[in-house]
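Two complexes come next, and they have one chain in common, chain A, joined by chain B in the first and chain C in the second.
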Partner chain A sequence: MPKLRIEAEVNGRKVNRETEPHKRLLDFLRDDLNLTGTKEGCGAGECGTCSVFVDGKLVKSCLMPAGKASGAKIETIEGLAKPGDLTPMQRAFHKTGASQCGYCIPGMVMAATSALRENPQADIEEIKERLGGNICRCTGYTKIFEAVEIAKGVIAGTVPETALEEDTVDDSFIGANVRRLDAPSKVSGRLKYAADIKMPDMLQMQVLRSPHAHARILSIDTSEAEAMDGVACVITAQDVPGTDGFGVFVHDQPIMARDKVRHVGEAVAAVAAEDLVTARRALSKIKVEYEELPGLFDPGQAMDPGAPVIHDYARDNLIKHIPVRKGDVTAGFAEADLILEDDFTTQQVEHAYLEPEAGIAYVDPDDVVVVISPSQNISHHRHMLAEIIAKPINKVRFIMSPVGGGFGGKEDMIYQGMLALAAMKTHRPVQLNFTREESLIASAKRHPSRVHYRMGVKWDGRVTAIEFDMLSDGGAFGMSSEGVMRKAAILSCGPYEVHNLKVDTRVVYTNNTPSGAFRTFGGMQAQFATESMMDMAAEALDMDPFEIRRVNMMKIGAKTHTQQTLETASLDRVMDAAEQASRWEKGAPRVRGATRKDLNGPDTRQPCTLGARIKKASTDSDESERVA
Partner chain B sequence: MLTYDVYHMPTSLEEALTLWANAAEGSRLVSGATDILPWAREGRAGDVHLPEMVDVTRIPDIDGYAFEKGRIRLGANTVYQDFLTDVTLMRSLPCMPYCAIWFADDQIREQASLTGNLVNASPVADGTPAVVALNGEIELARLDGGQIVRRRVPVVDFITGPGRTQIAQDEIATAVIVDACNGFGGSFQKVGLRRSLVISVACCAALVKTDRDGRVFEDVRLALGGVGPSPIRMIETENSLRGERISHALIEQVAQAAADRVGSRSRQEYRREVVVNFIRAALEDALTNQPDIDVKFEDQEEQINA
Partner chain C sequence: MTSRMKRGRGMAASWYGIARTATIDRAGAWAELDDGGTGKVVTGVTEIGEGILTVLAQVAAEEMGIRPEDVTIGDNDTSRAPEAAHAGATRQTYMIGNSVALAAREARDALFEEIADHWDVPVESLRAFNGEIWAEDTNLRMTMEDAVATCKGRGVVPVGSASFTAHGTGLDPVDGSGSPWQAYVFGTQVAEVEVDTWTGEVQVLGIWAAHDVGRAINPRGVEGQIEGGVVQGLGQALMEEYTTEKGHAITHGFAKYILPTSLDIPQINCSIVEDPDPKSPLRAKGIGEPALVPTAPAIMNAIYDAIGVRIKSLPATPERILEALRNHVPGREQIAQSARLERAEAARHQSAKV
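Presenting the complex of A and B:
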């Protein structure tokens, strides 16, 4: 294959290299030059983790063929400041805490740097516009914008450089701004995430995934792929030496599909090869014969007689049922002046952390199988993997690489097992970096839920009884479903003391993408129903929504839904603060409307617009012309 | 994943045309490359292997722009960001800055060319309605017996359907020629799901010029994208406004009438509502953006009293 020669200036140094013609600038920087501060979050120009300067203009290096870099001057996050130093922008990001997981931060720093290079006087609206191509998922934009504003002032000389220094802490750290210890490594792009790590002789893995939601695997023929030049090994479920199966509660998920596939995107086979392109080409040579089975997609039908069975051990497709009982709901409803009844549904949600799943496995000289990955639960993974690969626990080691956002989505061991198997089969380090699409299709999601709700209330707003019945779609595997149902049940009726309740949360198997852990762990779905019911009850009773909540809120001495007596409670203060901060206009919800006095206050977010700089440009030019 | 064997970067049009004429079947021309790389991914084209890529961005012949008899010839290497940074272009093509600001983001606009956007011929390409409103033509060049031969095709005819154009196998698009519309007010309306980086569900470009008093529509240009397989120039709407006294009532009336004539590939009811709102918003916005003229609506007082 002909090579592409690239002569360029990168971070002030001349570079003259041959590389593969099809490489993107991102690949050239990361793979050929080891400049891994530039990240790959999506590969489609959507996220901005790969922003770099080319001839002074900020571009997304995942959208640029490497050839375009030839003859160009390139500046990456590593080149902004001298080694060991930070620019005012990087120091400002450090100061304001604008780096949580840090995966988007090199790109953010680049975009912020570009914004001020393009217009050192850019106002906040223009700064927001110019950072519009970069996404953050956990730091939040407020701290980032704060950082850009501080840096703008320092660069312009209107703010003293001391503004970049850490605030002094007096007697207590509580309420003080303390800088994050790991921020310099993140704002400088030096922190190595799993995909940034390279080891000598390392293979690249790619995964063949199921196109079917539910199908029996009749045969897998890997011979042609295995015979390919550059392919080190192909692995399937047949390569698992121990007891296959992992999961946070029930070990129902094989490392790779065994006998059948249960959702679109489930791993069926994996290839480890000398390079990524060879591994991807080898996938297309693997022949899998499937026999499609009837699919189950509606959790409402999962427990019907005759519904397709997803796992043999659970003929009724029930993963878990959590019942909570307190008091006497029949009596509670009898006591009620009004009974409200409604249904609430929530949808599947993807975590969309900026760092797609990535990992490396190798076998060390003492035969310890080592897995490096941004796992949110390495000890549990280690125990499970030991069983799966039939090794004593001291021969399995997990190293947690920096997590570029997890939010619960990296609790499941969905690829670490494949890496371990390939490393054991080849005795070479093996790396797997998910694409964004692969992350979307293979990782767990927030449980879609349906809640049927009955609430009995007195005319004074007091809730006398609640029946809360939740059905959640667990998807193809159990993952964290059991824990999510427990949390949903515990939090079901909200921070309100209800003497009579009947709570049931159920989660069932379907052939949808598996559901798992996600921030709030089931609480969000339950609170959506409960808080909506509270508002609807307030409307029905002609009460202020804050008032009905105050009538029912848990106070010191209250008994929770699971009958724990509270020794402290702060909901009263929380509600006072929320009411004040929102400038709440008292009254029943029916008075809502455009005439409310609490709308459009000083902190209200304005509708988004674009183009402030267009009008400014034409005004500026008029002025400059007059001068000329 | 996109792979290819050779990446060419010709430095003259002749060299590019020769390379292109001799390129192996399945090769692609590439300008900013911001569309082809996301295309060759899972869920769209998947893994794609192409024999050759011919990059046109190092050809000086198609850089920059030039005025010619009331028109502007935009070289094919004109990128979207140019419409936000070049004051001359901003003034002469008043709908383009608004189109550009809603197109992708600052970083992609540095790479993405207007010509590439037109040649890709997506039904929801942001550039198409704006160029159609500017009476745009596309210039296509090819080699004929060693000589460069050029032809021009109106953009409204050039795009024949989703991803389909009149470009011939051996041609390279070298320029877009548009009306210079100094003194017009411009507007671009777009619906999508996110502020930056969103592909339009539908979009609309408008150019408006009034008399000096701001009372009468002297010239109106309106075009829609995303409501059919190819861009739509709203000639009847333009005609029913030209020479008329400016009023909110008239704008509302033509917006309703326009929506009746617009078909759509999907979500018809939604798109109909969008079209009505687009035309109304685009006209009012373009009137506001007209430089140095204070527009007086005939029914202005009525509106305030109402």
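Presenting the complex of A and C:
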């Protein structure tokens, strides 16, 4: 294929290079110029991690063909300040703690810089609008807004530069707002995540994924792919030398599909090749014969007789059932003045860390298999991988690269095994970077849940009994399901001392995308139901929602649902703090929004109408051009 | 009121377990007071974005009498660092924080012993902070740089190591009884929303989030965790939904899988409550996961307050809000009314008896 010549100015220096014509500006910056501060988060212009300036305008470099940038002046995160230095914007991000995992931050700094270059007097509402094309999954944006406002003041000279400095510390570092030590590396784009690392002689991996939710694999023919120029190896389940299977509680997931596939997107085979394009082409040469099996998609039908069986060891598709019993629920309900009964459901949720899964594996000179990846559980992964590749523990080494957001989603070893196998087969470093689409279909989600709830209450607000029955969809593999059900059961009925309860949490296999660990680990799904019921009970009893909770809350000495005696309990103080801070107007939750007096205080934001603020700002100024 | 925009408020409380014991949790760390009065800490796993590196540097600095920026943390390598288990479960500050505190304390104790002997003062009289060491009630004082040099000059490298665990029991398989966590934290959030009854769109305008964290090692970092948790909770409450059709993802990119952006963010007002943990040296607990728990129910309770419909199926998308408004039956209000009447009746009965 003919090469494409690109002449441009990048961060103040002339660049004159040939590159492949299919490349996006993002690829040219990252692969050809090693400017890896510009990140790929979605490849579709949705997340903003790849934001750069092209001729002074903020552009998502994943949407611009590299050829389009020829002749342009390009500025990336690396070019904002002199090497080793930080701009006031970057220093402000450092000061306020605006970077957490840091993966979105180079793009966010670019967008924030653009906002103030476009309008140095932008008010906070306009700043928010101008940051609207950049997603951050960690910070909740609040510290980012704060940083942009400080930077605005410092740049305009209305705020002294000392505002960017660290708070002074009195007599202890405990309780002090010490600035994040890793922030300079993140706000400058210097920190290398797994996808940013290059090693000499490194191969690129691509994964062939199942197009079926449930199918038997009749045959896999890799010969044509293996014969291709530039292909170093093709791996399948047949290449696993040890005991295949990983998982947090039950090792039910093979490194790659073995005999059958259980969800769309499950890895079936993988190619390691000299470059990404060759690896992708090779995937299309792998021939897999499937025999489709009936799929199971409704967790409510998973335990029905005759339902498709997903794993042979669990003929009833039950992954785990956790029962919690306390007191006598029959007596508790008999004692109740009012019994409320209802159903609640929660959805499948994606972690949406901005850093898609990525990793590198190689075999070191001492024959140690090394895996570098943003794994949240390197200790457990090395144990599992040692079994899978039949090596002693000290011949398996896991290095946790900077994690660009995890939230539980990077606890499962869903690709590290493939990397290890390919590295062992080729004795070359192998890298795999997921696309966003791949990350979405192959990684675990928050367990979707259905809760059937019965709650008995006395007129004085006391909860006399609770029956809590949760069914969760575990999807195709067990992953963290058992632990999630345990935590959901333990926390189920909320921070209230209930003397009589019957709690059951169950999780079943289906052919849906697997469910796994996700921030709160089942606690959120359970307490959504409980906290909704509490308000419904408060309404029925004509009580203030804080009051009904105070009547029932756990205090020191309370016995939890699992009959653990609490030696400390702070819910009284926590509720007081929330009630006071919010200036809560007392009253039963009886649709009194229209008459409340505590609304629209100075500690709320104004509702927004899309686009209104930029329009206002641009009609105010001469510069009416809108940044794309 | 028949206006299009309706506001309301709701609240929700929550709790969460810290320091998992159902499967025994543990974390190891090594520490060294190094040349120049700097510190080295090595431990198995650290940062996933929550700020634990900085927290560990603060903890090590406090214990060793140096500054956080002088602490270097070697981490995240199963072949070069002691096991610290995994990065999740709101366990980092509690498990690894305490392990690092104990390891750093041991390194400092090794140094103190040498300096006490060097100055001929009781070891109990020594204090160190912010790069200086001194003996109380004396004018003996030197930099930690000199102290480390003195210590090494006496043939001692001040090192320490520690392992920290939490105590408890697993759950009984029949009745679920047991003590699965060593510590519990509590939280309460209030949400204020505006619902557009024409489009079904919900905007969250304010969140008041009060959370017990035991002890806030870095209050700004705690706020960051609360703000991030609230916004993830808001996303799950109102817009995020991974959807499949016969196992095939419909929401296969961020154009379809909708996430909160800067325009969706309420003003988040954090209240940090400190109820110190009595069972660990640091007395801190945790905040990463707990911050998310009460957000969605607080928002649903606020939506009810605004428009009188209860969303029991997340997320409360505009479509679901409109559908709920269309099918709105005032069921709960009738229950409340009859409950009030019955209670009044019962109270009258009671007073008649007396």
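Keep this in mind: the second predicted complex is superposed on the first by the 601 of 628 C-alpha atoms of A that agree within 3 Å, B and C clash if a C-alpha of one lies under 4 Å from a C-alpha of the other, contacts with A are read in each partner's own complex, and residues count from 1 in each chain.
We take it that contacts are C-beta pairs under 8 Å (C-beta built on N, C-alpha and C of every residue); 3 or more make two chains touch, one makes a residue touch a chain.
Remember, predicted model here, so these are calculated numbers, not experimental data.
Trainee: Looking at the overlay on chain A, is there a clash between chain B and chain C, or do the two fit?
Mentor: Because the two structures are overlaid on the shared chain, the partners are seen to fit without clashing.
Trainee: Using the touch definition from the top, say if A:44 reaches chain B (first), chain C (second), both or neither.
Mentor: both
Trainee: Name the contact category of A:327: first (chain B only), second (chain C only), both, or neither.
Mentor: Neither partner.
Trainee: In this superposition, which partner touches a larger number of chain A residues, chain B or chain C?
Mentor: C
Trainee: Once the structures are superposed on A, label A:437 by its partner contacts, choosing first (chain B), second (chain C), both or neither.
Mentor: Both chain B and chain C are touched by A:437.
Trainee: In the superposed arrangement, which partner chain does A:308 touch: chain B (first), chain C (second), both, or neither?
Mentor: Touch partners of A:308: none, neither chain B nor chain C.
Trainee: Looking at the overlay, what does A:132 touch: chain B (first), chain C (second), both, or neither?
Mentor: Both chain B and chain C are touched by A:132.
Trainee: What is the contact status of A:62 with respect to chain B (first) and chain C (second): first, second, both, or neither?
Mentor: Only chain B is touched by A:62; chain C is not.
Trainee: Tell me which partner A:606 touches in the superposition: chain B (first), chain C (second), both or neither.
Mentor: Touch partner of A:606: chain C, not chain B.
Trainee: Regarding the shared-chain residue A:153, is it in contact with chain B (first), chain C (second), both, or neither?
Mentor: In the superposition, A:153 touches no partner, neither chain B nor chain C.
Trainee: Counting only touches as set out at the top, which of chain B and chain C does A:230 meet: first, second, both, neither?
Mentor: Neither: A:230 stays clear of chain B and chain C.
Trainee: Looking at chain B versus chain C in the superposed three-chain picture, what is their shortest Cα distance in Å?
Mentor: 6
Trainee: Using the superposition described at the top, list the residues of chain A that contact chain B and also contact chain C.
Mentor: On chain A, the residues that contact chain B in one structure and chain C in the other are 44, 46, 129, 132-133, 437, 441, 608, 610.
Trainee: Once bound in the complex, which stretches of chain A touch chain B?
Mentor: 1-2, 4, 21-22, 24, 43-46, 48, 51, 57-60, 62-68, 70, 111, 114, 118, 129-130, 132-133, 276-277, 280, 284, 435, 437-438, 441, 608, 610-611, 613-614, 617-618, 621
Trainee: Using the touch definition from the top, list the residues of chain B that touch chain A in their complex.
Mentor: Of all residues in chain B, those touching chain A are 1-7, 9, 30, 32-34, 37-38, 41-43, 47, 53, 55, 57, 81, 84-85, 87, 90-91, 97-98, 101-102, 104-108, 110-111, 195-197, 291.
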